[in-house]
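One chain, chain A, appears in both complexes that follow, with chain B as partner in the first and chain C in the second.
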Partner chain A sequence: MFVLSKADVPRFLAHLAGRYELYGPVLHPESGDTFFDRAADPSAVRLDAPIPTNTPKFTVFPHFERILSYKYDQTTKDVRIIPEELVRPKALVGLRSCDLKGLLCFDRFFLGQEFVDEFYRAHRRKMFLVANTCATPFPQCFCVCTDSGPYAAEGYDVNLTDLGDAYLFETGSDAGRAAAGELGLPAAGPEASRRRDAVVDRSIALFEPRAVENKAWISRAVNRLTTGFVKNETWEYIGQQCFECGACSFVCPSCSCFNIEDVNRVNGTTDRIRTWDSCSFEGYARMAGEHNPRRPVEDRRNKRFFCKLSYSQSKKYLRPGCVGCGRCVRVCPGDIGMANVVTAIRREITGK
Partner chain B sequence: MSYLTGVCNFCGTGCGHVLNVEAGAIRGVFPSSAHPVSRGRLCGRGWHIHELLNTEERISRPLLRKNGVLSAVSWDEALDFAAARLAGYSGREIGFWASPRSSNEDVYALVRLARAAFRSPNISVLSDVWYRSTAGILREGTGRPGAPGMIADIRPADFILIVGTDLTRQNPIIASDVHFAARAGANVVTLSTRVTQIAKLSGTHLQNKPGTKKIVLAALAKVLSAGQAEGFEAFRKSLEDLRLEDVETLTGLSLATIRDVAGRLAAASRAVVIFSTGITGLNRETTALLFNLFLASGKLGREGCSLIPVTGVANLAGANDMGAAPDFLPGWRPVADESAAAAFARCWGSEIAAGRGRSVDELLADASSGLKALVVCDHDPEIAMAAERIRSLEFVLYLGSYLNPFMDAAHAVLPTASYAETDGTYTNTERRIQLNRKKIEPRFEARPAWKVFADLASRRGPAWPYRSSADIQDEIAQMIPAYGQATYPNLEARFGGLQWPADAAHPQGRPRLGGNPEDPRPRFVAVGGGFGPAASTADFPFRLMAGKSYYYWHLNNAMKKTFIPRREYNALLLLYPQGLVEIHPEDAAALGLRDKRPVRVVSARGMMVPQTRVTSEVPRGTVYAPYFVGAMVPDFLLPHADAVEYGEDAVIPVRLEKV
Partner chain C sequence: MDISRNAAAVSLPVPAVITEIQEEIADVRTYFFRFEDPELERTFAVRSGQFVMCTIFGAGEFAVSLPWSPEGDRRHLSVRNVGKVTSALHALEVGDKIGIRGPFGNGFPFDAIKGRNLIYVAGGIGLIPLRSSIVHALLHRSDFGRIILLYGAKSARELMYRPLIEEWRKREGFETYVTIDRSEPGWNGEVGFVHTLIEKAKVPVTDTVAFVCGPPIMFNAVIGELSARGLKDDCIISTLERHMKCGIGKCQHCAIGRTLVCTDGPVYTFKQIKTLGETI
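Moving on to the complex of A and B:
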């Protein structure tokens, strides 16, 4: 453990910017929105910014990405694959613990199973991750219920915790330790981890009562979802409010569904594009011969909640798919974010 | 920074979005959490606008038809040719069709091109039948042709009435606000024949018989039987034809229900009324009745109370404000107003065609109108409506960003920048003027539309002085008092824009109209009587209603250039390749019709063979046809243009035959 004085933060960011493309929370001047964004100017990174509207997942799984480009010659019947540009190494600074947990789910999904996704790996292998302990939760946050915050115990190169006068600089990898050495950071004193724990405890105490109350209910929901005990009427009630926009998937740090399209370009080449997709769409699960195992909206809705909370899916991620960031609550036109779904399941159990 | 804020260009809600720009291309879209209208939400269409902005199905170069084939030419050749061809006609022989998706600056420039450069008074906008009649009613009743209310009133409302339209499909983010209000305890009433999603989310669903919205609204107004404003006596008289004891037979709704809803509206302290002005909107009479009902309930101009006519396309309201109308100059100044005509002639430094023209729809419908040439901007449905007539014109110039069936009829095609490739202001359904900044350079050889209009004008007369769209907006601010403060610096300084009237007296704009001593006194709008039952006969026992579907948006020219919405549309199309009509299970059983099987739908004037969708979302005796297959329009709906003009309330008597 090291200490990074606040005056040294720009030096740390400059150090990273010299080696990586720098990404972090950036405040939009006109709207006040926070976006996790590329920061050409390291001073634009705001470690104290509110939770970003988007998740950092676009850095490893872009919203709209060309994964292959080829040219087909009509006369010679030759297909020429056009080499892609090399992916530039990225440093993600100011990652919230929830978003970091989302990346860990992604690692399991894209790398940890039978097939390895090369495109994901190309982004992921050259990364430097700097997490930032959340000193204050935001309304709708519930990471305390899903074992994903406000402090990240693993998965980072460096974790920062604001101790007031300075940042505690914890290293979680060789690259992190090397950075501490190159920056010449002083080691933290013996009281540092106690002070960090105090910051985390204070943060946990600031969560809204609903988030804390839901803690036990989320494990009940996991149980009910896994065993298939959620009543159909509950899913219908939730499905009726679904506007089928896909927003919950697009803002979710652990939603990894995608779609592939080949696009013939005006210049004669063809691009293979990968874009984000969502299981809330009817066409997503449609198969040949008109068969669709998930046609009614409620069947599509509940699929997503199975993915986020069922035990069988959690086994694949080695943690719950839901990381408790609360973004689905904020973007949902139908007011059926994760918290309200858990509430609906709770009502089903308690009858009130 | 690679995430840049802007305004969604699909429907008229005016949601704030943030586009992800990577290496000069739009690579993603997110909602803006801080935006005053959308507050962090987007709909299923809005979440995929980046796919449209990335499409390769763009008009990439200027094209001229040579030996029957559109061939790529230089900009200069195309402009010289188009200007010369248009110069060969008198203004009365040319029609100009503005797009409700274009920015205010582009529409204003088109109006100048029409009225000043080519001396043509024939200019109109898509959907003008519906929006213009609504705006006209509001102008008559409140003195101002815009929504007397605002979207922000929805969430805190205690009573909400939605007339027709499946708001969750047409303007989903406005519907979302209604849903949040309902969850917070608001009393939400939806008047619609079909069981739509918004009807399901409403506490009260008034399921009227098809074609009887006008009667229901008249009954609501009649039982209120109140009103202080001018014109009330005449309005009350016009309701005399309606006998309250007939209401239940006519509409299927009991008088007790009508009294209950009227009572709740009257008692509400924060009441909001929402209706559609799009192609599935209400006809003039019904809209006028709805306005009168709102006025009679004493809500007009009151704090927390709003009447919101929702627009289906991004700048439908703004395009009308900019004077894309045969009978109005910019700022809704009647063409008969000589001082207005003189002011524009002075401003534009030339004579203008100040007379009353005809809308393009009228010119196309009238075979003897003398229309010979057409200038069309970024239009989708119209080609289906009048394809033959348009093909028979001597010269058609099409301007747009995306490949479009209109090009088949065009002699010249000019590529214009998409909304993300140029600066522009857009006016949403609640008079909110927002600046959308350019994010990327125009793709391929596209140019901003206003620049193309300027280049055409300079080939016809003196060059225009505009160096940028900001210059045009400055002129709009100078010529249209309500837009007086809506200059780029002011709009830039205020995230979310300004609601007009934004003039010297109200530099911050006015979220609410009416209720101020300076406002014109509201008055009841004249309506005709006639509250007969909707037609259905022994020969044609079913009543057919037409409407839209979620992913099939404006004949789908935009949606089918995306990935996900196109797939969703195709999923529907694969199930129902011939289109569908919805029918109640009991009716289906009686006629021996089965789900997805073809059914012959016969009316007095048309016939189509779509497939059956058996659902209890429609009541017995009713057939609902979402028109999402192109052929349904010319084969069936066009012969019924007079009925379709009734919009949401249109009813076509049909019979169903098993195939």
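Moving on to the complex of A and C:
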């Protein structure tokens, strides 16, 4: 454990910017919202900004990505397949622990199953991750109920905790330790971890007044979803509320469904494009010939919550898919973010 | 990206040349192909019941089950012209190239079903994914009890692989029943839906495995009839089709229940299908 004085933060960011493309929480000048974005300049990164509106998942899983291009000559029958060069080392700074957990879900899902997703791996393997302990929860947050915050226990190269006068600089990898060495950071004293724990405990205590409503019922929801005991009426209600806009999927740190399309360009090459997709869209499972096994909206909605909370899906992530960031709560126009779905399931059980 | 030779067919399509095109039925053609890379042509190995992702250059990619048997059959795909990408395939000619990724999926459980009677029940182009399994069963005839094919289509014009079925019919120890929905001039065979053949063929249910593939309505009727006769759910095997984008368990388009058709399937027992809690 090391100490990073607040005056040294710019030096740390510049150190990273010299080695990586730098991404972090950046304030949008017009709306005042925070976005996780490419920092044009290290000084644009705001470690004290609120939780970003978007997730950092686009850095490993872009909204829109060419995964290969090819050229087929109809006359000579010559085909050239050109794999995309995707490797651009990135440093992600100011990662909330929920978003870091989302990335770890991705790692286990894209790299740890029967097949490795080569495109994901190309992005992921040369990354430097700097997590940031959340000292204050935001209104929609419930990471304490999904075991994903406010302190990141694993998966980072560096974790920063704001101790008031300085940041506690914890290293979680060789790359993190090397950075501490290159920056010449002083070692933290024995009281540092106690002070960090105090910050984390204070943050957790701030969750409590909010958690009484429903969020603490997540483990019961996991149980009900896994055993199939959620009533059809509940799914129908959720289905009726759903606008099928896909916003929940797009802001979710662990949603990773994608679509692939081949797009012809004027110069005769074709790009194979992978884009984000959402299981809430009607065409999601539609096959050629118009057969759609998942037409009713409630069939599609329960799919997403099954993916976030069921045990069988948790086996793929080695944790629940929901990381408690609460972004779906904030963006859902139908008011069926995760917290309200858990409430609906709770009402089934308690009757109120 | 460092993609080794074997992994190449997973992430990137490998080019193959169409060597022959056969008209099957209306809108369905069979495309024989060989890989451009002679090494891959020699080594590309599949299991019966698997599928590949087929790229039509300039149009896109689709998932297609494999009709060819790994044992000595020529590689080919039988495809119905039904959407944007398959219609682009139907516009291709001999000498044109396609791209192949795969093979993916689990395949049929031949080791587990040795010694049993095999009942193949297919409707329309549902015979395509069962073809390789039938070829396998005939090559290893002594491994199995009775082998029965019950096959139906809307009309005689919509019966797949008719010359092949005639060949099979002549094989000793292979019982073939073919039906069409309504009688028509020149048809001397059975008339009626395919599940009615189960009675006609006196299908056994002990030590028996049924392979069922066809449109949902036919599937349900056949399952109903087989179950009513006492065939157990885990003795009914089917291969499912879903919209797929990646084939390797990542895009999630083919999710059914807690499984993915691409990596957990496409071959399921009816017992499994029942627990998935989704329409077929």
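One rule holds for everything that comes next: the second predicted complex is superposed on the first by the 334 of 352 C-alpha atoms of A that agree within 3 Å, B and C clash if a C-alpha of one lies under 4 Å from a C-alpha of the other, contacts with A are read in each partner's own complex, and residues count from 1 in each chain.
Just so we're on the same page, a contact is a pair of C-beta atoms (placed from the backbone, for glycine too) under 8 Å apart; a residue touches a chain by one contact, two chains touch by 3 or more.
Bear in mind the structure is a predicted one, so any value in this text is a computation, not a measurement.
Touch criterion met: A:Glu84 reaches chain C, while chain B stays clear of it. Residue contacts after overlaying the shared chain place A:Asp277 against chain B and chain C alike.
By the touch criterion defined above, A:Arg286 lies against chain B and chain C together after alignment on the C-alpha atoms of chain A. After overlaying the two complexes on the shared chain, residue contacts for A:Glu261 are found with chain B and with chain C alike. In the superposed model, A:Gln313 makes contact with chain C only, not with chain B.
In the superposed pair of complexes, A:Asp165 makes contact with neither chain B nor chain C.
Once both structures are placed on chain A, chain A residues 259, 261, 264, 277, 286 are touched by chain B and, in the other complex, by chain C. Listing the residues of chain A that touch chain B in their complex gives 26, 28, 30-35, 37-40, 44, 53-54, 58, 62-65, 240-241, 243-247, 250-251, 259, 261, 263-266, 273, 275, 277-278, 281-283, 286, 290, 292, 330-335.
Those residues of chain A that touch chain C in the complex are listed here as 68, 70, 72, 77, 79, 81, 83-87, 109-110, 113-115, 117-120, 122, 228, 256-262, 264, 270, 272, 277, 279, 284-289, 291, 293-294, 299, 303, 306-307, 310, 312-313.
Interface residues of chain C, counted against chain A in their complex, comprise 1, 3, 7, 10-15, 17, 36, 55, 57-62, 82-86, 95-97, 99, 216, 241-243, 245-246, 248-256, 258, 263, 277-280.
The touching residues of chain B, counted against chain A in their complex, run 1-3, 5, 16, 18, 20, 22, 27-35, 40-44, 46-47, 50-51, 54, 56, 58, 60, 168, 172-173, 175-176, 179-180, 183, 197, 200-201, 444, 492, 495, 550, 563-564, 567-568, 570-572, 574-575.
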